[in-house]
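Each of the next two complexes has subunit A plus one other chain: subunit B in the first, subunit C in the second.
The block that comes next holds the complex of A and B.
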């Protein structure tokens, strides 16, 4: 039996290495993108085998789903001809060597540091702090209470990405499907309720089991991408709705900052949430963050500022 | 361990899809191979969820199933039709 399990894991690892190699070095662009999407799927299976269900959920939603959609859309925008970039120029070679050796050294240093980490890690202190955090699932407690600062900065980074895309893109290319696809609006109407139901379920589940804002936001954003494909989101492009769109994009970050400052006023510590209200506060922050993440992913997909 | 055996068999099945993914020859072949891997992964997840008594794996399978639909819709609207429309690029859509 254990031989079977080891064989299963070896199959997974071999498939993962092959997919990674193909995604990086396949000469054909579309083939590389599809290999990357399959890599995300197998990677999620690997996280499941490593007992990291939260990361498996996030990988399935963001790595395999949304990133694949973004890459396919980018592929559609690339010029048809051109293909691969030419080989390195002579002046670039020392820089490439320098970058490669730095990456190698950094990897070795990180591996050494990881080897020196104290065992058995932080599991026991986190389990002790769990009753104070307002949720019963350790990963959600870490992401939104114990290490909320990291999550706050992650959302800020995503919002900065949207700003960059909006400031770079000269114009939003009218991006209707290349051919009329009568099945697409019907499919969207049929499927989109599920893309609202599942994020709500993931948000609710996040307080006591794997789930939470990031997978929920990614699934909601994927549903939004489906709506964008079917052209079912005219409100996003109306000039009078732009303040609402911007408010929703920033809602996660704003509510997070409000909670952080409220903690400063109530307890004297930045981002400290009083235990009595932590459960409700975390659910509110997660809901706002999921909405913002979904809209940010849709903004990346649109690749340009709507309403212009 | 009956479930693990079936899961390993399904994983081998997905390995065949890997070959199709590499060989092509059309982009639709590649996309369908990726969808086959996705479906196999869903089945593997459900089997592991029963075998390891981890009901949360059903959630991961649910997300896989939902996002496979988005990936296919994206491919058809954004990539496949574009490749077919551009006559200069017919080779990429047809053969490679």
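The block that comes next holds the complex of A and C.
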């Protein structure tokens, strides 16, 4: 049995190394992007092997899905030239060899250090704090109660990213695959109930099992990108709906900030949630955060400000 | 078993660094940065398996890290795409 498990691990490691090699050094850009998407999917399997189910769910939806869609959309718009690495001149060869051997040495040093590092871990203190956090799943407790500050800042970083992308210009009109692929809008409508059902389930599950705001938002966002691609969301581009769109984009951050300030008023500590109401507050923040994360992933895909 | 994934993380980081500095193509650099981010995430989560059980703190860090990674990817790609569109509009 254990031989089979080790064989599976070796297969995963070899597959990942090969896919990463292809993604980094393949001559054709399209092939490199597709290999990177496959890399994301195999990576999700590795997260399952390492007992990180929350990460596996998010990686499958974001790493392989949304990042792949972003890369493919950019690939179609960037010029095909300029992908060739220059040929080395004779005088550069020693420098290139030096750089490559430095990278090899750094890799070996990293492997050795990672092997030697002590692993203190916080598993026991977190398990002790869990009953006061309002949820029974440790990762959700860390994200929304014990280390909520990190999550608050992370949503702020994501919103800043949307500001940056939108400030660069008007939204680019997606190449209409709806005319090239007549089946896409119909398929999107068929799949859409699933794209709503799965995130709702993941969100509810997050309080006691792997799931929660990040995987839910990622799956909802991946479905949303498919809707944008099929041209099924014309309201996002209407000028009179822009205030609503911006409010929904900021909803996660605003509710999180309101909870943080409420904690300051009630207990005297920023972001402290009273234990009696923690469960419900966390569920509300998670719902708003998942909606905002999904909309922000869709907003990235527009590559510019809609309605301009 | 997690030692195997530690070695993989180190190898991926080395490969991604070489790929990052070797190419002049923006899209490939974005790919290399994403592979580098995956290597760091793998390192963190492999180190989370301790003798006293799985430490959930690195899991939460990696979850936020994945979302930040997709945000930076989108920002970099938007810079590349919009600058190319602008150049094309000015010089048809």
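The working rule: the second predicted complex is superposed on the first by the 258 of 308 C-alpha atoms of A that agree within 3 Å, B and C clash if a C-alpha of one lies under 4 Å from a C-alpha of the other, contacts with A are read in each partner's own complex, and residues count from 1 in each chain.
Please note the rule applied: a contact is a pair of C-beta atoms (placed from the backbone, for glycine too) under 8 Å apart; a residue touches a chain by one contact, two chains touch by 3 or more.
Values in this document were obtained by computation on a predicted structure and should not be read as measured data.
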Message: With both complexes superposed on chain A, which partner does A:11 reach: first (subunit B), second (subunit C), both or neither?
response: first
First (subunit B), second (subunit C), both or neither touched by A:293: second
Query: First (subunit B), second (subunit C), both or neither: which does A:195 touch?
result: first
Query: First (subunit B), second (subunit C), both or neither: which does A:75 touch?
result: both
- request: For A:283, decide between first (touching subunit B), second (touching subunit C), both and neither.
  value: neither
Query: Touching A:260, do we find subunit B (first), subunit C (second), both, or neither?
result: neither
Message: Which chain, subunit B or subunit C, ends up touching more residues of subunit A in the combined arrangement?
response: C
Query: For subunit A, which residues belong to both interfaces, subunit B and subunit C?
result: 5, 66, 73, 75
Field: In the complex, subunit A residues that touch subunit B
entry: 1, 4-5, 7-8, 11-12, 15, 18-19, 22, 28, 30-31, 34-35, 37-38, 41-42, 44-45, 48, 53, 56-57, 60-61, 64-66, 68-69, 72-73, 75-76, 80-81, 177-179, 181, 184, 187, 191, 194-195, 198, 202, 205, 209-211, 215, 219, 222-223, 225-226, 229
Message: Taking the touch rule as given, give the residues of subunit A at its contact with subunit C in the complex, in rising order.
response: 5-6, 9-10, 13, 16-17, 20-21, 23-25, 29, 32-33, 36, 39-40, 43, 46-47, 49-52, 54-55, 58-59, 62-63, 66-67, 70-71, 73-75, 77-79, 82-83, 85-86, 99-100, 103-104, 106-108, 110-111, 114-115, 117, 119-124, 126-127, 138-139, 142-143, 147, 150-151, 154, 157-158, 160-161, 164-165, 168-169, 172, 214, 218, 293, 296-297, 300-301, 303-304
Field: Touching residues (chain side subunit B, partner subunit A) in the complex
entry: 1, 4-5, 7-8, 11-12, 14-15, 18, 21-22, 24, 27, 30-31, 33-34, 37-38, 41, 44-45, 48, 54, 56-57, 59-60, 62-64, 66-67, 69-71, 73-79, 81-82, 84-86, 88-89, 92, 96
- prompt: Residues of subunit C touching subunit A in their complex?
  reply: 1-19, 21-28, 30-32, 34-35, 38, 41-43, 45-57, 59-64, 66-75, 77-82, 84-86
